[in-house]
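In what follows, structures are represented as structure tokens.
Paired with chain B in one complex and with chain C in the other, chain A is shared by the two complexes that follow.
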Partner chain A sequence: MTSGVLIFAFDNADIDYVGMAAWSAGNIRRHLDLPVALVTDREPPSGVFDRVIVIPAGSNAHDRWFDDFNKCVTWHNTDRCDALALTPWEYTIMLDADYVVASDTLLSLISAKPCLACHSRTIDIARPHTGDILPVFGRYNFPQWWATVVAFDHSSYSQAVFAMWRMVRDNWQHYRDLYGIADTLFRNDIALSIALCAANGHAIPNVSIPWTLKSIMPQDQLQRLGPDSYRLDFIDKKQRNRYVELTATDFHAMNKKSLGEMIVTKR
Partner chain B sequence: MSPKDEQGYLILAVNTAETDYVTCAVKLAQSLRRFHQHCKICLLTDKPVQLSEFDYVEILPRGDLGGFHNDWQCWLASPFHETIKLEADMLITSPIDHWWHLLRHRDIVISTGCRDFYDNTSQSRFYRRAHDSNSLPDVYNAVTYWRISETAQEFWRWVRIIFQEWKNIRGVLKFPDQDASTDLVYAMAADCVGRDKVIMPFASYPRIVHMKRHVVPIQGTDWTQELVWENLDDQLRIQTMAQWGCVHYHIKDWLIREQQ
Partner chain C sequence: MESNDLVNQIRARFDHESQKRILREKYEAAMLFAHEGGMWRAGPELQITLIACQEDEVVLKDLYENPVKVRVSDLLQLSQQRWQEQMNAWLSEYENLLQRR
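After this line comes the complex of A and B, so read on.
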């Protein structure tokens, strides 16, 4: 059985997602020794990715407010539900381009090969006292899973989840009304959560990755100290400047501006 | 009363001017039959009625004492050696016959805690002020198992005494209800008998889905008007979530309105 990583990356005027994915591919090979496939809308530099799947990005763009850029940025995020059809691997770990691999933690998913797994719990690295967060969405607190890391095979359950994910995307207004979702912007996390429950007989599925997704918030600043060592500068609730150092810890860098600058300058 | 049958479900339902509890009981019995066609069901009420949904219709042996005050008569009137009492305004949404095997390790078991419709244990204490202030167990009378035994007899004796002496007893409680509520009376009786004998607080069964406002995240008081629900032949879904076990729907005329 072939196993590999799949990353979706569509550049816009402000964020070099393909550059992030290329940097991430290096980390993935170093820690996981897995091939990396990229889904994008233009040919990237050769030799960086093991497979490149080019699809048009024209019709799937949204404008989304990014706190770290302090403006609306064009965002291509609606093709993720096609991952099962697009992936060249029999077992896939789909990662956000801004997920930083700094350890071999994800290999345990390759060993266990759950038919589908993603994160339900998340923690803000800069504010761990708030505890693990079990997020919810909509007016009636529907439980939310994260599409940041999704491991999947080609089983009937995975196929049902991705088909339902696509249905939510194609009928976003209906699902907004049904779940009381205020945000007009399509969100993969929400669509995946709806799909997971529907495909599981309308019951809470047992698909959670057993460890917590560590996240860095958009307002916090990231620096690279070494190959797998990072420094996170943040302001605490008493408005004091603080920092924390991370070593050999995977994390989701939601501060894309800071991550992009770090990759470009190789700090 | 000497038992007429080995085990069965007992539903106490006495109509009031506002609420047709007997129709609620019929709907509950129908939902039970969907999963357990041959189970025995007894209706305990104040007037003789002929309803095919029930194997037994028993009349309150001490007559209608009014509202919750009839509750202790369940012990006197149950025709079963082993009884699971169910509150009338509930629906059964999945098989529950495994409860018998799980519950008969004790002489009596009162359900503890409740869930929201996502199957999360409710953290709301809004309706439990008297329980918490008086360090009483978090019991729900909605599902109560007992078999004929000394422990059960003792428990029901305390339930009767507390109901009958409520005006005197409420004086020793912090934040007591004006009128005796069954959950509070059961909690006090559980303490009198010894709570370790009558509750299993760490068990996930039998536990109810409660649809009251502060347990589920609704803005108003009537979830049936606010949430999307689908009452199908063999499944109840609320906000697309399939329900399991007992759903305490609380809006008494919900199913009657649905029928119309």
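After this line comes the complex of A and C, so read on.
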């Protein structure tokens, strides 16, 4: 059975997602020794990715406010539900371009191969005592899973989840009304959460990756100290400047500006 | 990096409480391992379950609640090895953390 990583990356005027994916591909090979496929809208530099899948990005863009850029940025994020159809691998770990692989933790998913797995718990690295980030969504406090890391095979459950995910995308207003979702912007995390339960007979599925997703919030500053060592500067609740260090720990860098600058300058 | 950011970075102090929690999350993830197609968490709970087994070949539920046939001695050895390795690494990082003031 072939196994590999799949990354979706569509550049915009402010964020070089393909550059992030290229940097991530190097980390993935170093820690996981897995091939990396990229889904994008234009040919990237050759030799960086094992497979490149080019799809048009024209129809899937919308504007979203990014705190770290302090403005609206064009965002292409609605094609993730096509991952099962697009992936060249029999077992796939789909990662956000801004997910930083700094350890071999994800290998346990490749070894165990749960038919579908994603994170249900995510914490803010700088403020871990504040509890999980967005554990629920909508008026009815429906449990939320995260689309940042999704491991999947081609089983009937995975096919049902991705088909349902696509249906939620294509009928976003209907599902907003149904679940009482205030956000007008389509969100993969919510669509995936709805799909996971619907495909499981409207019952809570046991698909959670059994460790927390560690996230860096948009307002915090990331700096690279070494190959797998990072410093995170943040302001705590008493408005004091604080920092922590991350060594050999995977994390989701929601501060794309800081991550992008770090990759470009290789600080 | 802007000069204000640089000043803030120099003034910033190490956050011990957050760092302790990060270490805990890191090593809780490191306790997980795959064996015979199942996902397991190394630690006392699994090891006590395995020690309580009368047969060397049993069926146990993994973390995804799937039944997995395992050889008790193999899984026990893997669990103990991983648990001790990761606890030692956790202790080492924790002691380094305590020295940072």
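Basically, the second predicted complex is superposed on the first by the 264 of 267 C-alpha atoms of A that agree within 3 Å, B and C clash if a C-alpha of one lies under 4 Å from a C-alpha of the other, contacts with A are read in each partner's own complex, and residues count from 1 in each chain.
Simple rule for what comes next: contacts are C-beta pairs under 8 Å (C-beta built on N, C-alpha and C of every residue); 3 or more make two chains touch, one makes a residue touch a chain.
In this text the structure is predicted, and so the values were computed from the model without any measurement.
When both complexes are superposed on chain A, chain B and chain C end up sitting side by side without clashing. Of the two partners chain B and chain C, it is C that touches the larger number of chain A residues. Applying the stated contact rule after C-alpha superposition, one finds that A:Thr105 touches chain C and leaves chain B untouched.
Of the two partner chains placed by the overlay, neither chain B nor chain C lies in contact with A:Arg29. Centres of mass aside, this uses C-alpha centres: at chain A, the angle toward chain B and chain C in the superposed model is 70 degrees, to the nearest 10.
Of the two partner chains placed by superposition, only chain B is touched by A:His202; chain C is not.
Within the superposed three-chain model, A:Leu246 lies in touch with chain C and out of touch with chain B [touch as defined at top]. In the superposed model, A:Asn141 lies in contact with chain B only, and not with chain C. Of the two partner chains, chain C is the only one touched by A:Thr212; chain B is not. Using the contact criterion defined above for the overlaid structures, shared-chain residue A:Asp236 touches chain C, although it does not reach chain B.
The minimum CA-CA separation between chain B and chain C in the overlaid arrangement is 17 Å, rounded to the whole angstrom. Interface of chain A with chain C (complex): residues 103, 105, 108-114, 117, 123, 125-129, 206-207, 210-212, 214, 221, 223, 233, 236, 240-249, 261.
For chain C in complex with chain A, the touching residues are 1, 5, 8-9, 11-15, 17-19, 21-22, 25-26, 28-30, 32-35, 37-39, 41, 62-65, 93. For chain A in complex with chain B, the residues that touch the partner chain are 139-143, 178-179, 194, 197-198, 201-204. In the complex of the two chains, the chain B residues touching chain A come out as 118-119, 216-219, 227-228, 235, 237, 239-242, 244.
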